[in-house]
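First comes the structure, then the notes that go with it.
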């Protein structure tokens, strides 16, 4: 172990670890976006709003259950479910009538929805910012190499990432709904012609995608202040990640999130003032060399 | 089994089918013949509800099914094999069969593989990597998984090597033997005549001829004018 | 050109017109190697084509559909300020007259019948004033009357305007009635090329095309 | 076909014409227009400004208003977008004909509006924006700054820190105007007051940075005595969370402007880190005077929550407007501006004066440190040291020199 | 003006211009200001529609050109010390150059990818403007841009805006009706076919993007004239989507659609925000209704409605 750190300073290493824990959030949110893009062909701008709603719901649930460990675990389960329920209503009442529309229309429609969601959040939770406490089990830090503190919660995120990735893999490759959705991504008409009610498959995929957005919101909540507007920066990042990885490819979302998270955190070390531009540059470079993203797109 | 009664079908503004009427009796293999662009595929899609007709009615086993969604029709016993195959390229052969809605236990994977032993050997391969003949077998196998009573076969031999065409003809005849009614559309008249008992000839969206195979063989004018033989 | 579905006819046209690039081999037009040139360059050298699937400009009027093509040939698409309405009117109208679309000159192309759109398709190709015209199944989906008119049109193009035409068709009656020479393609390769009589009774063609028959074609 | 396009355009034109004629003016009111951000994180501050203002206005109107005129106010939510904020200010002044403008928390909007009110000669009370350009470089006759700006916060902090034993300093903050201005304000002044201090390093992160752990790691490695953390908005809470998670707050003391504020501490409840130094203009529990207790009681009665800093700004602004008109003797803008210059009122935190030279309100600044308090379920400020306005606000000469530039 | 371009519409155009010219004579200053904002926003939306509605290009981040135009003008006036009028040339030209550069990078990509890469590149420009404190004023923007006296008054700036907008709208209209415009619409309808009739599709689109960038920049310069300020928010992506919505709302197949859309949105924002703080909600609901029920926009709907009536007779 020591030999690695003789090349790489602990600072850089810790920066990478932090980049990775940020990647987890980005991955979870953008994999949901990618799923919806790939199967339903909806560029869902409102995805960011669902992430924000997830965070606000986490706040409510956590406080309902007293804000301790229990509150956090309940939030982790209930808030994504709440977001899923909301998205289910939206899908059945709106989206299911729009699958045949042009992408641009869908983009605008979902943008309109994100405006509506934004104001609804303001109505329900008020405009002030909220804070979700880190659960007691994950409070504090552990000392990595050379006594550098690394928050246990970030470590928890690092563990959650692979778990979600594996669950997603199982879902898309081992379950019937996953297989159907992969087939529907390419040829929805034919899926209907083998006796499957595509409309409900879409509803389920949409809900799963949104559930991931909500989950991302819950996981990020304890590390930041939960505010209106947290959807704006995230949704653009999520879109860029999906585009970079290849539309509709969940693994592309993982790869894209890795690139995005790491260029961002390492970029800060290289050129702090313009660290913000590195991820965008990465997207530009990727798309110049691979115009349809790094991995195979389902489009 | 199937009664199509005076349907008119459009793609957007363009009028494709004009007053198409046809009938498939139980256990029968009926041919829908005509050249490219004559309206064969559209007829199939109209029956399957993919491009629902704007006029006319379709009944299955005496029950009207006009305007029902494709998945409901499949669940009522219509299997559809499209002309461009459309296997689920991302999935392996097994999964292609697994995701089909099974309305009864009549047909399962074992029985399907029994009919197409070649498929069983390649069941873990991705469908997109199969040859044309294998893909064609897979689409038929896929339709069979729903235990259909009526099978719509849209140009199953198109673009296949003669040897494979012969195999396929055998398999289709075996389906007929187990009592599945089949509506078979073909450009390749020679091949079709081996399998069918009755034929409709379609051209420019209109049924121009209907009758037994023997009657068709005898009708030189229809053959020359619409089938180019 | 004859050949069953999937024989590679449209692919060949795509290779000639630069939509696809050949992995090997050359396309030579009037002594010039045009292999791998982008489509617009190929077009500017005098090759036009129509498409099998109707491929017009749906939101433009019939007149504008053809006018765009004429303007493009005249290299006027960089003209930013002269109103189009004043340019290339005579020539566009002449082409519309030639193909018989003058009556519906100002209608939107999306509202045309299938047959009319196929004709418009040819008219757009003619707007490029081609020396060499490729027609991909020009009569597919046409009514018998429209088919007759379309055949007349093709004959006229050849005789009156002296355009060299390469076309593919399923309708053998048409192929044999207007072709000087015929080539037959099967599964990506040419199996015979020659005069109508050469092709008519060739055994290989019958095997491939009709699934094994002993009668002559037509 | 395009003719109908013109019809539509015309109907829009007619619509706006109609609006002109539907305008009406109430004669005997003083109209105050408030442009502020009521969306997003800033709302936690701006709502208090509005509520504080409302409280004072209700009191004033209940007593018969000013010279027989009631105060009326309308609000506009600029959603933290300067172009919209400016358009709204223009609408309020030109269409609603407000006599006075107040707001905003967004420095960009404030500067844009400031340029506009200078031409329109409408008094503009700045209630939260912290840019020192507002009264400095871009200051003019019609602008009144009701809060401290970055330069002042820096000076006040420097005064307090100079008395502390720390020598090795690290500076970190949001890499944008506010962050740099605060940090420079503290450091330049601290250097002047205590030449022995040394800067061992600097770190700047992007605004809205979610995870501060890597920066904290870097800082810990350098082992400074004290850290000046120049963050604002949601960065305040985010940094405190990270400081708690990494144990920074137990190892090295650090300072954040407004760290001791209720807005920052209340959302975190008992989980906020202890021992964080901060400066603030107001606490509902300090100064513990009858005036402040009365104000807090009133506010609690009206809104069922404790007033925060914004409430004081809003409350005082209304008081100044009322007293200013009374002193001017009639509803005249120019007279009001002149009357306000050098005027003092009795506020919940004592007597406060608007300086004549640059229209800066002289507020006391409280330097304190976060601590747990059994009385509340959130942390409060302890060891409070008061720095008087006159001690930390830049002198008139300094400000006027900036304006000449 | 050319009679064949304005067949039968000339009286309408002149009447509209006359009324607009008279606005400052009888309208309250606020409405003059509002009209100026509508005009310049409408110009920006029209320039977007030049590539979006007529060119079929998914220009997702048009606000960048608006912002670059505004910053170009403001910085030129403040930093150079040269004639302020020069700023009104530098701004749009800078926007056109940015449009060209972004176009060159994105042009190979298909629709949605084009749009997303453009958002990415646009956000890059935004990030630089936002961070480059010493040059662009960072997040605070630039305020109180000094203007030549003739256009600094309320009516002066209005007339300048009106004239520049009218001229720009006329030029854009001529371009749409020119052979270039025909080819552009051909590309929108059918890029494959366009290439096959000898149109160099990419070059044609690049020029269109540059032109759109230029006029977006003109709109940005006008913003400086009307409001005297610039901010980084002017090139934030949400504004771009709002611009697209203006095009959609008015109808992107009619020339004046985006202008009408801009008017509707600006008026809505102004009046709804006076009534409720939840104007984003109102805007969102209206947008959703438009997408559902009027997919061709307000003008598209009117056109159709009137045509139907005419047809019934």
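Letters A, B, C, D and E mark the chains in the order given here, with residues in each chain numbered from 1 onward.
Basically, a contact is a pair of C-beta atoms (placed from the backbone, for glycine too) under 8 Å apart; a residue touches a chain by one contact, two chains touch by 3 or more.
Remember, predicted model here, so these are calculated numbers, not experimental data.
**Q** Using the contact definition stated above, find the chains touching both chain B and chain C.
**A** Expected: no chain.
**Q** Where are there more C-beta contacts: D-E or C-E?
**A** D-E
**Q** Which chain's centre, taken as the mean of its Cα atoms, is farthest from the centre of chain A?
**A** C
**Q** So the centre of each chain is just the mean of its C-alpha atoms; given that, what is the distance between chain C and chain E in Å?
**A** 41
**Q** State, to the nearest whole Å, the distance from the C-alpha centre of chain B to the C-alpha centre of chain E.
**A** Distance between chain centres: 53 Å.
**Q** CA centre of chain A versus CA centre of chain E: separation in Å?
**A** So the centre of chain A lies 33 Å away from the centre of chain E.
**Q** Using CA atom averages as chain centres, what separation in Å is found between chain A and chain D?
**A** 35
**Q** Mark out which residues of chain A touch at least two other chains, giving numbers and ranges.
**A** Each of 118, 122, 273, 276 in chain A touches at least two other chains.
**Q** Indicate the residues of chain D shared as contacts by at least two other chains.
**A** Those would be 38-39, 175.
**Q** Among the residues of chain E, which are close enough to touch at least two other chains?
**A** 130-131, 280
**Q** Applying that definition of touch, give me each pair of chains that meets it.
**A** A-B, A-D, A-E, B-C, C-E, D-E
**Q** Once bound in the complex, which stretches of chain A touch chain D?
**A** So the residues of chain A in touch with chain D come to 10-11, 14-15, 18, 21-22, 67, 118, 122, 126-131, 133-134, 139-141, 146-154, 220, 222-225, 227-229, 233, 265, 268, 272-273, 275-276.
**Q** In their complex, what parts of chain D are in touch with chain E?
**A** It is residues 1-10, 12-13, 15-17, 19-20, 23, 38-39, 74-77, 79, 81-84, 86-88, 90-91, 93-96, 107-108, 111-112, 114-116, 131, 133, 138, 175-177, 180, 207 of chain D that touch chain E.
**Q** Provide the residue numbers of chain A that touch chain E in the complex, in ascending order.
**A** 43, 45, 94, 101, 103-105, 107-109, 111-116, 118-120, 122-123, 232, 236, 239-240, 243, 247, 273-274, 276-277, 280-281, 283-284, 287-288, 291-293, 299
**Q** Using the touch definition up top, name the residues of chain E that touch chain A in the complex.
**A** 58, 105, 108-113, 116-117, 119-121, 123-124, 127-128, 130-131, 237-238, 241, 244-245, 248, 278, 280-281, 283-285, 287-288, 291, 295
**Q** Which residues of chain D touch chain A in their complex?
**A** Against chain A, chain D makes touches at 38-41, 43-44, 47, 80, 175, 203-206, 208, 210-211, 213-214, 216-218, 220-221, 234, 237-238, 241-242, 244-248, 267-269, 271.
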